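Some notes on the structure that comes next.
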Amino acid sequence: MTDSILLVAVVAVPLGAALVSLVCSLRFQIAIALLFQVVAFGLALTVIARVLQVGHIDAFAHWLYLDSLSSVVMLVVTIVSVLATFYSAGYLRHELHEKVIKSDELRKYFVLFHLFVFAMLLVTISGNLGLLWTAISATTLASAPLVDFYGSHEPLEAAWKYIVLTVAGSLLALLGLLLLYQSGVGPLGNSYDFSIPVLAGAAPHLSPTLAATAFLLILVGFGTKAGLAPMHTWLPDAHSQAPSPICAMLSGAELNCAMLGIFRVYTLTAAAAGAATLRTGMLVFGLLSMIVAVVFLISQRNFKRLLAYSSVEQMGLISVGVGLGNPLALIGALLLMVTHGFTKCLMFFATGNLLLRFRSTTIREIQGVVRAMPWTALLLVGGALAIAGAPPFGVFISEFSIIAGAFAGHLWVLGSLIAALLLLGFIPLVVPFHRMTFSNAETGGEVAQAELSTLTLLPAFILLGAVLVIGVWIPDPLDQLLHHAATVLTR
Amino acid sequence: MALAEAVLATLILIATFALLIARQVRGAINCYAAQSILLGGLAIAMFAGSRLPHLLVLGLLTIGIKGIVIPAVVRYQVRGSSYQRREIAYYVGFPTALILGAGLSLVGLVAASRLPFHPYLLSEPVLGLAIAVILLGLFTTMARRDAVLQLAGLLAAENGLLLVGLVVSPELGLLIEFALVLDVVIGVAVMGFLIARMHETVASTDTSELSRLRG
Amino acid sequence: MLAAALGQCVAVATVLLLAPLLKGVIDNLKAKVQSRRGPSPFQPYFDLRKLFRKERSASRDASWVFRLAPYVAFTAPIAFAILIPVLTAAPLSWAFMADMVGSGFVIGVGGYFTNLAAMDSASPYGGLGASRSRLVSSLAEPTLILIFFAIGFISGGTVPFVANNILYTTSALISPSHALIAVAFFMVVLAEAGRLPIDNPSTSQELSMIEGSRLFEYSGPDQALMEWGGWMKLFVLLIVWLNVLIAPDGLATQLTVSAFAIAIASLAVKMLCAALLIVGVESALAKIRILRVPEYLGGTFVLSFLAVVLYSLGR
């Protein structure tokens, strides 16, 4: 019973934060955000620890359900959110100081921020598939106004593309869910509880045709949200136009939530529809995303868009990893969800600092970061290496085990293809950040050395540390969680 | 299946076609309103046959919210501008859209007939019509450059989903339906807000004005 | 045999006599909707009487086609009325003279001669109207053929009476494909009979006319026959729509006076409903531009196409 209440508390706290933010005066917005998000973070960690002990939490007649698979996503979401809160505090203070935004916009920002976190956490604990869909749609609705936060032409365009495409995608996903419901009518009767445990119980008896169709629709639908090509076109726009902390959450946390939706349905339909068919679907979309992303990575001039395309590539790789389906690749894919989330978040924090200082997202216009902002420069170079998949960072380990998984399954061509794509993506990811950091400022004279504040640096350093630690030695609880999650995916 | 359900489901498809070839923002909003009212009528007709009370609630909600409130809100958002009655901007011409729409409906009908369905209160042809409505709605969103038309397309597709929900299981509980109604309300609020922002930023809701982000 | 022949005559007489009333009712109701008092529903009868009393005049250059056309345009709907279930559910003696395609030809002949005559008079408006009405009819053709196909599929026969019987007695009447056919056919009827949104029957602007400009050169009894023929065309097409496609109730199954009385009464009620529907459509819609007529008729084609698909999928 306490577990159930804990689960509710995890989502209730951010929701409460949104309400409090709505009525509270502007002076306390940041303090409220920090307080509530830290509490939510603590609760989430407690819940995840409970899951490690008891396996899964199933509450309120299957309405809420948290197992190790969703715990992995919850872990990423909550860490990214709490760090983004701290970063937001520093970031927005600076923007207020520079008069980029007005102080009354703080309220709008934080109310939507809390709602966004609420929606993402709700995704991870949804047990009822209808609730899961609602929560995933809610992440779009809460974040679209945040993408449009600066209120000029480009953010508006990005927000509109984002909402139209992802809503269209979520409609297809809902059609998939309805077909999934219908596929269970045979074994479960005309009226049954549309929740994960109930369907999992009847999984082998679902109608195969309907289950396969349902999965494909959901793969396309939630795949739109997860940024899989060719439905990814909104992603570079939205992830480059939003305020930096929001970009970090969109890339680091929200994409994983959409992926969780795909994985959930995969676990439910695999038994009836044949896991091989479904995996082929994920492999195709995954590889396509990687190829498209690499092509666009090479021709990028804008560093935020560069990072966004890197997200497309990594999401593709995660999909490929699960598509491969053997334990090695599965663990790799799940670990990549964590490490990519952390690293991408870190990169958006670091580039956010650049943006605040240089007011530009064009790679050519920024030079000599190492002298202007030495700490940020360290983050940039370290983060770029990490996100591109250089050892000894966590992303490397994850990508390595996915490729190893491909080889272990004797898929030599596929494994080599993945490796080749990652190598192709390596240079366009690392070189621009290297150039911005170390090239000399030829015009405009010497830039004074000035970091912004501890608040904009510390969260990023925590993440860099975490990615480094995971790359060297995966902590036991995380290891355990990943293994359990992998068994959920192979069940 | 009773007469009323079959006729209403067919009229919903026809209203969606009308939306697909609507040339004015106002006409498109009216098509959506008509479609929603027909859908609400269908739910109420099903209630008359089955006595499932939540079908009545759903029908009334659909008529009230989607048939009256949302069209009114969208009309309010585009009020006063001359472009309400102007021919809208498009990517796909109207005759072409009609032909492609016919093809998409065909896809929906054939797909529905291939899926192994257990008909419950409504029969299989209605499922085909519903999937056709979803595809036509999404196609409208892609084929039109005007933001209001894109919104109307998504909303129409959402109605199609509700129809699928009615076919699949009218007893699915209120969840999916409430989720939809809620989602639509919030979605319209967010998208309506963005449309209003478009009005002030680029003085039009033609999304081809919004094409600065590339590559 | 005699009773059947008498029944046939009654059916034809019904069409002849009620068609002007339909036109009058529509005009009257439309005026009411527009908050006018409007003409009496019986006004078309007065018009006919007036026209028949007037002198006939024709261009010196007009040929025999011009003089023949009114009679053809007047008789075509009457011949058509013999082929369709106007009052009786059971086929009468001459009903098997033609199936649906054949009856389509019969009604087409009237339009064909009207067009010839319009061009024969060498008036520019006549030619304009003729070419436009050809545009409408030729585009309506594919839809009609598909509708015949669909009805043929469902009923296994193409004679209107047979189709009517089958549709009446089986559950095919309530399938979505049937509803699609009904809507498509109604839209075609509006186009073929020169109603809104294709043609505005009450316009006085020559340039936008389709139907009206074909009749410009006629006067006196010829004009009366032409107009009466046009009203009957709408009437019989609506009968097909009502009695074959959507509401076959009330038709006489025996050849008795009381059954015929009921049939005429029910037909009148159904026609009133159809008139209300037409008034609704005409009040809600504006006339569409001539260039968009293909889209309108393309729409009807799409609907009937989907009806055929839906039906063949359902089997």
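A, B and C label the chains in the order they appear, each numbered from 1.
To be clear about the criterion, contacts are C-beta pairs under 8 Å (C-beta built on N, C-alpha and C of every residue); 3 or more make two chains touch, one makes a residue touch a chain.
Since the model is a prediction, treat every value here as computed from it, not as a measurement.
Distance from per-chain Cα centroids to the pooled protein Cα centroid is smallest for B.
Among the other chains, A has the CA centre that is most remote from the centre of subunit C. If you average the Cα atoms of subunit A and of subunit B, the two centres end up 31 Å apart.
Distance between subunit A and subunit C, defined via averaged C-alpha coordinates, is recorded as 64 Å.
Within the complex formed with subunit B, the residues of subunit A that make contact are 128, 130-131, 133-134, 137-138, 141, 144-145, 148, 151-154, 156-161, 163-164, 167-168, 171-172, 174-175, 177-179, 181-182, 185-186, 190-191, 194, 207, 209-210, 213, 236-237, 240-241, 296, 299-300, 305. Considering their complex, residues 114-118, 120, 131, 134, 137-138, 141, 147, 150, 154, 157-158, 161, 164-165, 168-169, 171-173, 175-176, 179-180, 182-183, 186-187, 190-191, 193-194, 197-198, 201-202, 207, 210-213, 215 of subunit B touch subunit A. Listing the residues of subunit B that touch subunit C in their complex gives 1-3, 6-7, 9-11, 13-14, 17, 21, 94-95, 98-99, 101-102, 105-106, 109-110, 113, 124-126, 128-129, 132. Within the complex formed with subunit B, the subunit C residues making contact are 173-180, 183, 294-295, 298-299, 302-303, 305-306, 309-310, 313-314.
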